[in-house]
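Order of writing sets the chain letters: A, B, C and D. Residues in each chain are counted from 1.
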Amino acid sequence: MHNGRKGKEVSSRSMASKTQVGFIGLGNMGKPMAKNLLKHGYPVIATDVFPESCKELQELGAQIVDNPAEVADQADRIVTMLPSSPNVIEVYTGPNGILKKVKKGSLLIDSSTIDPAVSKEMAVAAEKMGAVFMDAPVSGGVGAASSGKLTFMVGGVEEEFTAAQELLTCMGANVVYCGAVGTGQAAKICNNMLLAIGMIGTSETMNLGIRLGLDPKLLAKILNMSSGRCWSSDTYNPVPGVMEGVPSGNHYQGGFGTQLMAKDLGLAQTTATNTKTPVPLGSLAHQIYRMMCARGYAGKDFS
Amino acid sequence: MHNGRKGKEVSSRSMASKTQVGFIGLGNMGKPMAKNLLKHGYPVIATDVFPESCKELQELGAQIVDNPAEVADQADRIVTMLPSSPNVIEVYTGPNGILKKVKKGSLLIDSSTIDPAVSKEMAVAAEKMGAVFMDAPVSGGVGAASSGKLTFMVGGVEEEFTAAQELLTCMGANVVYCGAVGTGQAAKICNNMLLAIGMIGTSETMNLGIRLGLDPKLLAKILNMSSGRCWSSDTYNPVPGVMEGVPSGNHYQGGFGTQLMAKDLGLAQTTATNTKTPVPLGSLAHQIYRMMCARGYAGKDFS
Amino acid sequence: MHNGRKGKEVSSRSMASKTQVGFIGLGNMGKPMAKNLLKHGYPVIATDVFPESCKELQELGAQIVDNPAEVADQADRIVTMLPSSPNVIEVYTGPNGILKKVKKGSLLIDSSTIDPAVSKEMAVAAEKMGAVFMDAPVSGGVGAASSGKLTFMVGGVEEEFTAAQELLTCMGANVVYCGAVGTGQAAKICNNMLLAIGMIGTSETMNLGIRLGLDPKLLAKILNMSSGRCWSSDTYNPVPGVMEGVPSGNHYQGGFGTQLMAKDLGLAQTTATNTKTPVPLGSLAHQIYRMMCARGYAGKDFS
Amino acid sequence: MHNGRKGKEVSSRSMASKTQVGFIGLGNMGKPMAKNLLKHGYPVIATDVFPESCKELQELGAQIVDNPAEVADQADRIVTMLPSSPNVIEVYTGPNGILKKVKKGSLLIDSSTIDPAVSKEMAVAAEKMGAVFMDAPVSGGVGAASSGKLTFMVGGVEEEFTAAQELLTCMGANVVYCGAVGTGQAAKICNNMLLAIGMIGTSETMNLGIRLGLDPKLLAKILNMSSGRCWSSDTYNPVPGVMEGVPSGNHYQGGFGTQLMAKDLGLAQTTATNTKTPVPLGSLAHQIYRMMCARGYAGKDFS
């Protein structure tokens, strides 16, 4: 983990006291993140394709502009939080995209969860314009976004990490440097693939144990003191009644949607296919979440 | 977990101070277990199909007899530790089996890992002869067997648990009561199925991350502070160099053999098939370990 | 395929003109099979645990007795058609089982679909009583049973095949000799495992093609003239509207139930586990049919 | 299937008697295809990144130029045969790509096997330049390419199909119209996914049957007369000795490489992920071929 290395002076930009920060993408995650920047005293200049998403932020003091190019015209530090790869490509390289008006030396931080290959493309495109692109996907849901407790996994040139960290610590509890651009995405994808495997594995195991006559609480206790232990068994158990305060105890409402998990597993599958890496369990986990979406559980928690 | 409930007086047998204890099955696991009984001052009467296995124990003071029936003729508490279901059936119900000469009120504890359905059959057969059968499979390998640090998962009538515990604590650090007969096996099978899923999942994930440019140690650190965390990632990491003192750091020598894991997953599959429980990841994990065995890695550690 | 080899004289039994034939198990399949024996002029002596199943056959002229032992007491050729391994074990070796009163030299033909290991056990038990056991599971459903168009896959000593064939040709269009006892089951299990894989594979493929913009009929045509061709694509296509006269065109009513397919795949899985054979796709197909049963489609056709 | 519909006059181009045809990509497949165009009397103008690939064709009378743009400068009908999506993108839209100098009304036929989404992109880009793009991937290997026996699956505007067919029939025995642009790829991907499932399924099934004591030839015969029948069991059986003239009988030399199958399954996986289509068996088949490549069997036949 990287703990605020200082390094040589990078640019006046990252040292600047609270100058304007751009924010693009004010959805369920982006909005509370932008609010946290405001709370920490940063002037925010923002945009989103849905005007209604902008209004709330405007009332809190943010400046709203028409499109990403205009954000880039005014701010030299920009955070983006978008649903998927095509949105990121559009917001960065589209006709009204950031790169149309980006200033030399700008720091562009993308917190979307996308294919690391796209992150790398964006970094190359940004570099051509003299700007720096970093990928910084998050772990943690809407709750963590609101309370500023997200974990950021950051990829990009190490010299710029301190500058990125300054902003990200306003929105998250952990900011982890992962390596070259794209490795933030890689870390997120890897974690979520293993999470999905652990969750389905825990569900199968708990179900099998119950059918074999074991009490679910006792089984969870045994697994958690043994080598079967995992986050899904000890922190987010999928069987109703085993734990309190998790979605399984509340009809699988809230939490992390099955559809989102399927999307992340799709990314894992695509990167694995592209790198010719065998991921049999990750692949089957993807298919299982995909089948659940097809059967109408897309909006339920992934557990 | 069950903490030494006393209950009503059960029988003079379980309260008896150190009278003879029978032990059948002196293999890699059974021999050190029997030695620990001797160390705790119990006279041991033992047998095994391989005479050479008996010799070492004889030199340490155990009495050796010809077959299980003769053990049952002299001891009213017997521990069995055998490779698989057919061996258990033979040792209990065969022509020279325990049940041919078992005394009324005897306590029969089977520490083999077998199909819980067979454990239930043995319990019924024992009950017909007035004896009590409990299943008590272990978690932990040869090292834990030698040092008396095994975990026992015990299924059977609750009234007899204290009596079983008296013996099992000589050989293990944890003795967990799981419920009716067969639930000890169920708990073990469930744990190992989830362990296998976690291990393969961790291997796939670490491999994918490395191919995506992440440092393996850093990736393990990120997983272990996130929701991807599991025993296989934080305690027994399968990538050489990430952790010390685990088989992955030693050419996958020692540890828990791939063949044994395949056997346990076969049991999980069989019980799932019999109870019509879907276990897609458990099933694929089984197939993967089976393919590894077919390719000549049977003797390597399962990580 | 075996074409009615004659061989040396086997016994007077198989050469006997139409003496009584026993039939045990008058379910959906067994009843029409027994009727076909009657139609071919064989006197039938039958039994079933459900008295109402016997009545219809009795009205057609069959003699009904109380249990399998009584059937064996009167008939020296017996056909059994039962739901699963435990029923077969009970009917052959139970307290009122066939082997209690079987005559020396009797021919026992089991058309149930069960674990080949159980077939072998029954053969050994029958041999001890001087009788011959053959496994002869069927391919084809209730319709084929009614019209006498079943396929029988027969395992057992080759000398007795002609005798078995005499009876089986009354009930089926194909009678195939497969080898030693148990190989009839093996052939059936293998065929159904590959069928299940082909069916799910065809469903996935057709679904993917349709989502990619292909017309389903055209896609089926292309597959069927190419290397993707299989029985499920060219004879029993699972997409409604592609073919006529198949269950997919009729809300998946009729045909071969998902539950039965799940049972056969469970047998395939068990035999694969016992012989340590990796069957990854067969295993996943089993899990998928198992999940469909768990979701309430147990009674629908497997396509 | 489309049988040479005439339709309204399309353009003078497609009716032109044997004017020059461009050919880009002279690899194992492309070279024999281009030769067949020469044999049918078409003047060929070709290019390839490897000069040595061009030489042989030059000696047969083809004109060789430096890059795709120069081909497009001279020919208004061009066939491309390239290894993968990035090559296609480069050859069509790169700095020396076809579209730099393509003539209005040109017909561009891509026989590469790539992601249908890329085919659609190329069609859009071609349309902007006034040209027509069709995807026409092939089924059949180097042998079929040499003997002109390939099957072409063609996607694109129906009006142009006759023009494409004129050229493709010189190189293939079957030319099938599949629908809008991209459906040629879709049909190919679907066929190969089902082929892969059938092949692995057949291998598992044959292996299981052999372990259960069945003779491999007999098992193949039974499957082929039953519902387990598929192309892999009746035409390309993977067990040595069951059939003659297939790679399994020749140490799995020749035929269709495991690596190529893994590539096609990767495309199937990617299109399934993008269209959110569950393909559990297709996905596992992909993983299995990927694991085989990782273990060093990349160059062997996929059976």
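Just a few scattered comments:
In the analysis below, a contact is a pair of C-beta atoms (placed from the backbone, for glycine too) under 8 Å apart; a residue touches a chain by one contact, two chains touch by 3 or more.
For each chain, UniProt lists the protein as follows: A, B, C, D = 3-hydroxyisobutyrate dehydrogenase.
Note that the structure is predicted; figures quoted are calculated from it, not measured.
Of all residue numbers seen at the chain B-chain C contact, over half occur in both copies; the interface is built from largely matching residues. Of all chains, the one whose Cα centroid sits at the greatest distance from that of chain C is A. Superposing the C-alpha atoms of chain A onto those of chain C requires a rotation of 180 degrees, given to the nearest 5.
If you average the Cα atoms of chain B and of chain D, the two centres end up 54 Å apart. Centre to centre, using the average C-alpha position, chain A and chain B are separated by 42 Å.
Residues of chain A found to touch two or more other chains are 277-280, 284, 288, 291. Contacts from chain A toward chain D in the complex involve residues 262, 266, 269-270, 273-274, 276-280, 283-284, 286-288, 290-291, 293-294. Residues of chain A touching chain B in their complex: 1, 116, 139, 151, 153, 174, 176, 178-180, 182-183, 186-187, 189-195, 197-198, 200-202, 204-209, 211-215, 218-219, 221-223, 225-233, 235-236, 268, 271-272, 275, 277-282, 284-285, 288.
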